[in-house]
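To keep things simple, chains are lettered A, B, C and D as they appear, and every chain counts its residues starting from 1.
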Amino acid sequence: MKKGRFGKYGGQYVNENLIPVLIELEEAFERYYPTPEFQEEFKGLLRDYGGRPTPLYYAKNFSKLVKCKVYLKREDLLCGGSHKLNNALGQALLAKKMGKSRLITETAAGQHGLATVMAGNICGLETEIFMGVKDMERQASNVKRMKLLGAKVTPVKSGTGVLKDTVSDTLREWTTCSRTTYYLMGSTVGPHPFPEIVATFQSVIGMEIKEQILEKEGRLPDAILACGSGGSNALGAFRSFIDNKGIRLYFVEGGGESLSADNSAAAFQLGKPGILQGALMQVLQDEHGQIKPSKTRAAGLNYPGRGPEISYLCEIGRVKACYAFDEEVFEAVKVMCRTEGLIPALETAHVIAYVLNHKEEFDKDEVIVLNYSGRGDKDLETITRYFYGS
Amino acid sequence: MKKGRFGKYGGQYVNENLIPVLIELEEAFERYYPTPEFQEEFKGLLRDYGGRPTPLYYAKNFSKLVKCKVYLKREDLLCGGSHKLNNALGQALLAKKMGKSRLITETAAGQHGLATVMAGNICGLETEIFMGVKDMERQASNVKRMKLLGAKVTPVKSGTGVLKDTVSDTLREWTTCSRTTYYLMGSTVGPHPFPEIVATFQSVIGMEIKEQILEKEGRLPDAILACGSGGSNALGAFRSFIDNKGIRLYFVEGGGESLSADNSAAAFQLGKPGILQGALMQVLQDEHGQIKPSKTRAAGLNYPGRGPEISYLCEIGRVKACYAFDEEVFEAVKVMCRTEGLIPALETAHVIAYVLNHKEEFDKDEVIVLNYSGRGDKDLETITRYFYGS
Amino acid sequence: MDLEEKFWELRERREGAHMPHVYYGDPNEEFSLKLIRTLVENGADFIEFGFPFSDPTADGPTFQAACERALKKGMTPAKCIQGIKKLRRSGLEVPLVVTTYYNIPYVTGIGTFLSEIKKVGAQAIIVPDLPVEEADVLLNEGKKWGVHVIFQAAPTTTEDRLKKIAGIASGFLYVIGVEGVTGARESLADSTLKLVNRVRKYTDVPVLAGFGISRREHAAAVVSAGADGAIAGSAYAEIYEKNLKNPEETLPEIAQLVKQIKRGCVEGYRQRLGNPYDH
Amino acid sequence: MDLEEKFWELRERREGAHMPHVYYGDPNEEFSLKLIRTLVENGADFIEFGFPFSDPTADGPTFQAACERALKKGMTPAKCIQGIKKLRRSGLEVPLVVTTYYNIPYVTGIGTFLSEIKKVGAQAIIVPDLPVEEADVLLNEGKKWGVHVIFQAAPTTTEDRLKKIAGIASGFLYVIGVEGVTGARESLADSTLKLVNRVRKYTDVPVLAGFGISRREHAAAVVSAGADGAIAGSAYAEIYEKNLKNPEETLPEIAQLVKQIKRGCVEGYRQRLGNPYDH
């Protein structure tokens, strides 16, 4: 496969100004990442700052409902409350090695923005976060967190004020300052080498799953499931298992209200290949090639594109593309609360909902792993408003 | 030392109705706790559900400010966001072994209530949480979390609607239902055997510190510092080191606004020995023996009593009793945010403030450990209102 | 008059004893003095004289509020002691039993506290948060100063401990009728009756039953079941707390209730005399 | 008229070229048609005919808003093609350069798209999010259909890549003057001038400089520094967007500006002829 490509997906579809910095980035990643110094610093921070390894938890009560053995890979316990820090720490270290003095990024749920400013502070880098005005309202508490940590949070009003518009604005900003500034991409999207870099930093998830499940069960799991939009937590969990064809992989995207027009974020159901924000990938778009806004209650899944690698893996059938509707997702939150005492992020609740509503796909002797990508603190308002109306 | 006593402190000062259940509890703890089955289940849950061991993080940027080597024991990364789960899981398991069907407890910051309903759900026990009306306002987000997890949250209006009143009400409730219901005490306070049970379950913190610091530094630390009111996180951190007289131990309580009348929670500075809610301990009280309400912005430190064991250790000089004022505490939050990207709980920020304001007590060759008891998500509103006014 | 003497007198009169429980200073001192006199004039044989405490963990909402009001008005242990003195000076003769939580005598010093209440004319002390296991100091000082230390037995108390409590009981034994805290209750728990009988196996010391007694029939029931009398407290407070501005106006109603409950104590005693389980 | 021919003609006339950039359909089709005619009548030598795209990542706020307005009004690639057809039918002769983001031709099929724009009379295409590394298909199809593929060079472009870009440049080379996105700017970055000179080392293909040009002096400066012309876009949109209800009213002002900028192009060219760095 050509470098930067996953099948036909991927590439570097950005304006000329950014190409040199992408080449510089690719070189820097290849130079620094494999060195023992980088590995030691990265792994040290993941362990001591981030709290890795995160546990693989056998959810006994939840398993009873599903009628098979369900393990949760507890990325919610990672510092910051989601898997995002794996990537943010890795890239912030890389930015420091490259001599950049500033990080910029975009965020939707705020989880990635939070992870970025945390990593920035650790590495002594300034941080500016672009966030859609609508998301700033929906995820107000994460805005407070980012500001408190010292990030500049810049509201993005263009478009509909959600993630897609914010990525565009961050790319624009990067065009003006790429010599000094590092764009810390938040998911396995964007131009090469971002999808590869992000997946590599996230792949620690799957490596741990492998070791942990072997220790607990003496065998590999029958299936691994993850939610996603760009695909970073999913690829992080899947990468160690892709060659092992016997292991079923499920990718659950945001179904939104319904699969009817403009009420969904289910790009694998409703989209087609297209170029958005630097890469060829599966994208929600109209028949003319205009990108459609996505819709889901989970801010972190509210992106019309699927990263190149997950697009490819779903296209070739290695990963099954699934979805869950908002209503099912809220019910899944409640089930996880009551059975295991855990409030999942709305994003994470998609994978829980899928399992609860497709029990028949899992045999009673099977062992399955849900990548539990984040905790629901950021969604607390939304969830309580949904259930109690205030 | 007499069982249930730490020097003169401790005891079982409760009404006759509760004595039999306390005896039953002591017997059950002595019977079940040492068994391999209990240990395995407890440690398994702490590891896979809770996320233990929590990291010991060398805070490089923060250390530069303090001018000695500062490690943070990251209890904020424990599931639920504070050290409280160590104890809640242990006692919930014990309650289950004792055949109780229901947990009751009181909470101030909401952290212990949260930990209790989590543990309750895991163990299949009903949960009722008593919470002062004032604390329910101040810690509204934790109330939402507890309700979402299925706990019944009962407002306590008596007294001034804070922790002290809530403990009394929970004791009263327990008097009516001790045959079926377990009172899951949240700190190292209350009648024997609670202080011993809670400290035992929390002592995992210090055992891990010992192992981790030996691995990282090849030696034991020069000092360990913890915040506290009842003392559970402090004793958890200290217990492994008490016999090692060369290690300085610091206990930081809530100084509140000032040490002048009724503006503080600094019981070691302003209180004297007395009997409150089941035990003889250091207590804020007037000259007639009426208990005084405490005052601090940190809900979790807002208790007029210091548990028997920490009262004793401070009395004999093994632990140094210190305090930090509210204003210093908010500044400390900011420093930790900026240097290490971490938002501490207001309780935890007391120990950070103490270190920042007493640098001269720590030599530049020294290695010190701050027990980082919890994250600040629950205090986000209070903190941002303090700094930004809204 | 000492407790033994009083119980002797009541036995002579074939009456169960009635001890009302009052938190002194609620809502103010003068009212408390009048209340106590009213209670005694209308049938109270003993007075349980409560020293208000900030955190009365064995008390229900009625008495919590009573303590809070009294403390807000500036009530102190010293003023309580003065209150007893006033009552004695004004000729009150019934035995006075001081009730308070352990921190109050603890900060004064147990011996000092007991000597002071003794000096002004109290005969006994109840400390609801002090089980026998913690009571060595209080017992010693009580003996030294001649103050009875009254212990409680509860429905949850095991046979072993009941024996122990009965063994050191002096003055009388306080039987807590319910698993719960103080407070008037509609129906009298079965457990009160059972517990009175259980206690009887181990001691001849008089037994007073309390918690949840608010009516004549309650008193009659516990006394006929073997208790030597009944204690009621929150039931009285519930009357005057409805008119805190002019609590004196409620004294006639309180007088009625104390008469009723005392009547219950008498009836119960007479029933018991015809009762084969009586010894 | 093809690009070469146009540049030949301009050289003959000793003029720098001016290419205004317009997003078609903003705020509606008729206005765009009038705007383009106005621009051409007042000095535009080429028209950069933008197909609006939902996510124009190389465009600044002015053109983002332009795309958004056009799309909201229902603009589609098919209508854009019809627009070109209308312009040609009405006699417009200047070369037309289509600009759009890669997804638009991609979903239609690159070949189909190029054949269609060629058929209606466009001469070239600019795809701002398609660097040379990704351009094989577009280049092949461009050759096949006779559509120039215009590449861009930027201040950040390294020497190696500049050589490569210059090597495959056809029609003209688009020099991006600033590290940034489209949008009128007050002062013309030094970097534009430097980059024009850097490019000149590697190619004789005409060079048009764009991004940030909004005044006569800007145009004069880049052309005198060696560019063959200047591109301006947001500067025009900024005029009519102030009066979106009646954008036609702003056409005189736009006419003035295009005249000015064209004059700058001419002046710059004449200066350059006396310039020792000119080759």
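Rule of thumb we're sticking to: a contact is a pair of C-beta atoms (placed from the backbone, for glycine too) under 8 Å apart; a residue touches a chain by one contact, two chains touch by 3 or more.
Just so it is clear, the structure is predicted and the values come from calculations on it, not from any experiment.
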If a chain touches subunit A and subunit C alike, it appears here: B
Remotest chain, subunit B as reference, centres from CA atoms: D
Averaged-CA centre spacing for the pair subunit C and subunit B, given as whole angstrom: 38
Centre distance in Å when subunit C and subunit D are each reduced to the mean of their C-alpha atoms: 99
Cα-centroid distance, subunit B relative to subunit D, in whole angstrom: 67
Overlap residues in subunit A, where contacts from two or more other chains coincide: none
Residues of subunit D engaged with two or more neighbouring chains: none
Graph class of chain-chain contacts, one of line, ring, star, complete, other: line
Pairwise chain contacts, counting only pairs that touch as defined: A-B, A-D, B-C
In the complex with subunit B, residue positions of subunit A that touch it: 47-51, 54-58, 61, 74, 77, 79, 117-122, 124, 141, 144-145, 147-150, 333-334, 337-343, 377, 380, 383-384, 387-388
Subunit C residues touching subunit B - in the complex, by the definition given at the top: 53-61, 64-65, 68, 71, 76-78, 101-104, 106-108, 128-131, 133-134, 151-158, 161, 165, 176, 178-181
Of all residues in subunit A, those that touch subunit D in their complex: 11-21, 23, 158-159, 164-165, 168, 171-172, 175-179, 272, 274-278, 280, 283, 285, 287-292
